Amino acid sequence: MAVTRFTTRSYPQDLRIFPSPAARISLVLLGALLLTFPLFMGTYGVFVACICGVSIISALGLNLLTGCTGLMSMGHAAFMGIGAYTAAILAARTGLPLIATLPLAGLAAALAGLIVGVPALRLKGLYLIVTTLAFQFIVEHVIYHWESLTQSDKGIALPSPDLFGFPLNSYQSYYYVILALAVAAAVFTKNLLMSRTGRAFVAIRDRDIAAEIIGIHMAKYKIMSFAISSFMAGVAGALYAYLLHLISPDHFTFNQSILYIAMIIVGGMGTVLGSILGAVFMVLLPEAINAVSGPLVSAYPDLAPRIGGLSVMVYGLIIIFFLLFEPLGLFGIWIRIKRYWKTWPYTY
Amino acid sequence: MKKLRTLVGIVMICFVFGALGAGIARAEVGVTKDTILLGTFQDLSGPAAYLGKLATGVLQVWMKDVNDKGGIHGRKLKLVVEDNKYDPVLTKTAFTKLVDQHKVFMIVSVYGSTPCTAIMPDIQAKKIPVYTTAAAVQTMFDPPQRYLFWYACNGQDQGILMADYVFKDLKARDPKIGLCYQDDEWGKDALDGMEMAAKKYGFKVVEAPYKRGTKNLNAQAMKLKAEGVTHCLFVGYAPVYAALLMEANKIGWKPVFFGDYVSVDPKTFMAGDLANGHYHIGNLGLRHEGGPGWKKIEKGFTEAGLESMLNEPLIPVLWNPLLLLTKAMKDCGKNLTRERLINAIEKTKNFDTGGLGKIEFGPNMRKGAHYCRILRADASKKIFVPVTGWRQPSLVWGKR
Amino acid sequence: MASNILIQLTITGLAWGSVYACIALGFVLIFKATDIFNFAQPELMMLGAYLTFAFITVLKLPFIWAFLAALVLMALITALLEMLVVRPLVGEPVLSVIMVTLGLANVIRGMTGLVWGYEEYQFPAPFPKDPLTIFGVAINQAEIYTIVATVILLVGFFLFFKYSQSGISMRATAEDTSAAFLMGINVKGVFTASWVIASLVATVAGVFMASLTYLDPIMSHTGLKALPALILGGLDSVHGAILGGLIIGVAENLAGFYLADYLGSGINEITAYVLVLIIMMIRPYGLFGTKEIERV
Amino acid sequence: MGFLEIREISLHFKGIVALDRVSLNVEEGELVAVIGPNGAGKTCLLNCISGFYRPDGGNILFAGRDLAHWRPDQIAKLGISRTFQNVELFARMNVIDNMMLGRHHHFRHGFWHNALFGYRATEEAVHRRKVEEIIDFLEMERWRKHLVSSLPYGVQKRVELGRALVQEPRLLLLDEPMAGMNQEETEDIARFILDIHEELGTTIVMIEHDMDVVMDISKRICVLDFGRKIAEGTPGEVQKNLDVQKAYLGDDATTLLKKEGAG
């Protein structure tokens, strides 16, 4: 959090999402880059970008719950799964279009969020963590065994989505849908965090008792946080389902939940930019690890069955590294770089 | 205004590069004058990493063999391996990367029902030959898909074969037949086969499914024992089979066990003597039989310094299809395209693997394995000995 | 026959429950002394089992020496981990400390994978394979040893906390860290000691779990079920952790037998989680946990 | 009927009596101090008023309403705000955000409005203006955008007072507002409390240990000891009360005082 000593802005200016002209210009540039991205990246690049986008939406949701409201969830992938399966079943069985399945998937997940949120009101810390963990495993079980609905591990194949009759049958076209929704989710979250709702979330995270005594309805905001977070997870799950064309119970496992937690830690707890950076980082990390492990394996074939340990270890080390040395995550690093350039060349 | 111009400039440069990239067209993707680029995704670091290691080893040995003999009509084989960690999303990523970034000619030697299922829609959409998958799912070859070739031992077949053997060969009187299976498509296929056989022979299947990753099989064993099961088929991984054997011994339940083809594996002998004398269903030639096919594998692996892998009886599942692929690619001549290759694979009949097991595909037949043998475990030598010849199930497999 | 089945299922359930209880005990020890929730506990269990295995197969030590050597090595490793990784985080928000232990869990799992690969190994357990038959119920000897060892451990811990000097200082630290510090108790020592003891208990659990089945990296995933056991009993209660473990061990084995036909075959794997969800609805602080009085 | 009526409330924790049939009446516009030794149950009393603890017996009426069935946040909305003994600020926010939280229940638009119609800068600005007024009032301009965790303790207490003030309370509960402050800071806070009381006309119930301040600014004092009310009255009356002297100085000291008086 930057500390500005001298401010010449008026209140409304201060209350804008992107206050400085520099921020707005770089935003325009970034926007242009994102819009033209599919033109110069290959299909694979666009596909990875799509996964980044989906992860960003989901990570934003988790960050709202865990980073901002302080309610840790180990069942985020389960919410995504509920959204994905809602969308898949609706799309495959009833042929509803994307524009209808996305919000419905979000609502289904939000409903599940409410169901978890209500008992979670009385639970604190670890009790809550284990409850969400239980939720994760139970959802996995139900998805797996409700075969008549979910087709178990055969998975559900989704039709190619279309938007108002415009078919989205390539990653390139679908990319724009994800981009739009990811941007919307980011702006929505930023907006939320700057409003009284967001402040209430943070207040509950920092000191729940004081928050309640100064007039924040804790139950309402905790449940709201659960619902919004799972809504975003649900939408992300639905987008995921369309992107992958086929989903199975293995897409939404406990490991995925941990991955999302890692995203927000690495990115930065409680910040929008942090969710984005973290999601992108964690999606691209396997690529980086493969770049190292690939040559290693070809040089030492005996290492092949063990090299996987490397990536698991790197994940762990990254989490530990950030928590020990950079608790603000990539967001913190970004802020420091920004501050460095702001005062450049008068850095001291 | 200046910034806008810069922006437009950047965008235009991007366009130019994009257009250039698209413009470099080839006759067939992945095939150049002197190379054929193959791709594969392997579990190098997930729960099935031992298979990943095996498959990469087999591919190495095979490519070296082909390339040393001058390649396919002068084209050397090259391979790109992507790690999928047995994870469906990473499999999809790996597939997209192989197809869209590396631009491989085809995908070879992949396995696992979860990963392979995840890319089924893409295989059809992108028309990439995937040869062969060893995923234990019926949907891989039923209904047949042009670009997807399958070679393994079918769960349905095994269920039927087990019942056939119990009733026809062992001539068991009023047997109680049980099935302990991993509760996914793999196991459910076996259940289907058994239920088909149950109709034919007039028995009732006692089911005891377990979840993948379960370590405690006490409840399953107790259930099978309580129902008085005398003949039990196990479908799952070998260590779990060994655990079941130990659990059965613990509760004093002594049925005749049948293991499926995956448990034709030295790990079965983790249960020690308890594994002795039980039956297995296998579709592959065995190393100790000393057939010419295995001799060749031994030579190749020893040269590559991979002797340690040779005690994996599953090697032919990966090796046999590659032998057929070599022939089919050669049959295509200089003009190697995906479509011509598929036709060539379909045309190869009576392919000789050197006693490693049958493999044959047809125009509407994407299931490469048709014959199995019943084997018997010998714990003292840690080998499996065939007790029957190659046989087909008495009922025809069908769609669920 | 029906009652025999029930007894048989219960005994196996108790054996597995003992394993969960040992892991949960480690969780509680660390939590009580340091307020840190160690998510790497199942991984410590796995590491202990693998180390014992390595001492037996590589150094050809007899089981008991291998086991002792593994205990010593585990003590050293966890003491180091505690000092280098966990201690800098004492006093940080609960969430980040938990996350660090999650990261630690990943590192240990990855290292195990790098060193031993992802294959299953038969664990050279010293227990006779053939079952004992008592009143018509066949019981695995490894299960008996597991249950007996857990009971001994529990009694030992009870006495340790009740009467020994270090046990009392650990209890005092758990009660009020800063007061204990001012009383001249070596708080840092107590922190390290709690981690070391937890890792020793985990090693015992790991060796028994490996003896009951085999050795593979999925062990840690099974060990995760100690979490619901712990929460079921109540986070801050040692006997609660033990009872929670036993309840879950028995319940899941019974569910696997009686309920699998109705609720799906994986039901025994999630029984623990269903139970914990139900208990949390009724008693949000577990069966034996204490309700905190909050102050402002 | 009084403005705040506490009728015979009792509170127990695991067998310990925290409050034993305590009654207290506060009229609108009054400034009442609650004093007593450590552990006398003063903070428990405030906690009961703000709804954080539920009394086991008795009831509390505020402006004619029984508070028994109100949640803490609803009680805050009724117009009771408070500060805490150990500063309960949101450490990772700056001063302005902390105070904006105090405005929480004054907002008309909630989540749906923000989500559907975008960010309501106009409404934020209205409340921001109120916050800035209080900041001026408490002379905290130079710390406006500082993280509260980076501020000295005395300033933090002032921020907390500010957060309670922006709630526009009808009743302000202060839990040891001067604890841990130096002379200068104590005087500042005492001045602010008097200003709040006189300029804004807010009713104040205050717990304080600093006897000089208590005697100076409060009109009426209530003394608690071991959960019981042992005295109530003007500063002069309370000072002379024997029970109070005993509670503060112990039995021996009282006899000592008496002897001195006699001698």
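Labels A, B, C and D are assigned to the chains in the order they are written; within every chain, residues are numbered from 1.
Following the convention adopted for this analysis, a residue touches a chain if its C-beta (ideal position, glycine included) is under 8 Å from a C-beta of that chain, and two chains touch if they have at least 3 such contacts.
Remember, it's a predicted structure, so these values are computed and weren't measured experimentally.
In summary, the chains found to touch both chain B and chain C are A. Distance from per-chain Cα centroids to the pooled protein Cα centroid is smallest for A. In this assembly, D is the chain whose CA centroid lies farthest from the centroid of chain B. Averaged Cα coordinates give chain C a centre that lies 47 Å from the centre of chain D.
Here the spacing of chain A and chain C, counted between their Cα centres, is 32 Å.
Chain B and chain D, compared by their mean Cα positions, are separated by 73 Å.
Separation between the centroids of chain A and chain B, computed from CA atoms only, is 35 Å. Annotation for chain B: residues touching 2 or more other chains are 45-46, 49-50, 183. Chain contacts: chain A has residues 144, 209-210, 213, 305-312 touching two or more partner chains. Touching two or more other chains at once are residues 52, 84, 88 of chain D. Residue ranges of chain C in contact with chain B, taken from their complex: 1, 5, 8-9, 12-13, 16, 113, 117-120, 122, 129-131, 133, 138-140, 209, 212-214, 216, 218-219, 221-222, 252-257, 260, 264-266, 268-269. By the touch criterion given at the top, residues 37, 85, 88-89, 92, 94-96, 98-100, 102-119, 227-228, 230-231, 235, 263-267, 269-270, 273-274, 276-277, 280-281, 284-286, 294, 296 of chain C touch chain A in their complex. Across the complex, chain C is touched by residues 66, 70, 72, 119, 122-127, 129-131, 133-135, 137-138, 140-141, 144-145, 209-210, 213, 258, 261, 265, 269, 305-320, 323-324, 327 of chain A.
Every residue of chain B that touches chain C in the complex is listed here, in rising order: 45-47, 49-50, 183, 208-211, 213-216, 218-220, 222-223, 226, 239, 242-243, 246, 249-252, 267, 270, 272, 274. Those residues of chain D whose C-beta lies close enough to touch chain A in the complex are 50-52, 71-74, 76-77, 81-82, 84, 88-94, 97, 100-105, 107, 110-111, 114-115, 118-122, 124-125, 128-129, 145-147, 150, 163-164, 167.
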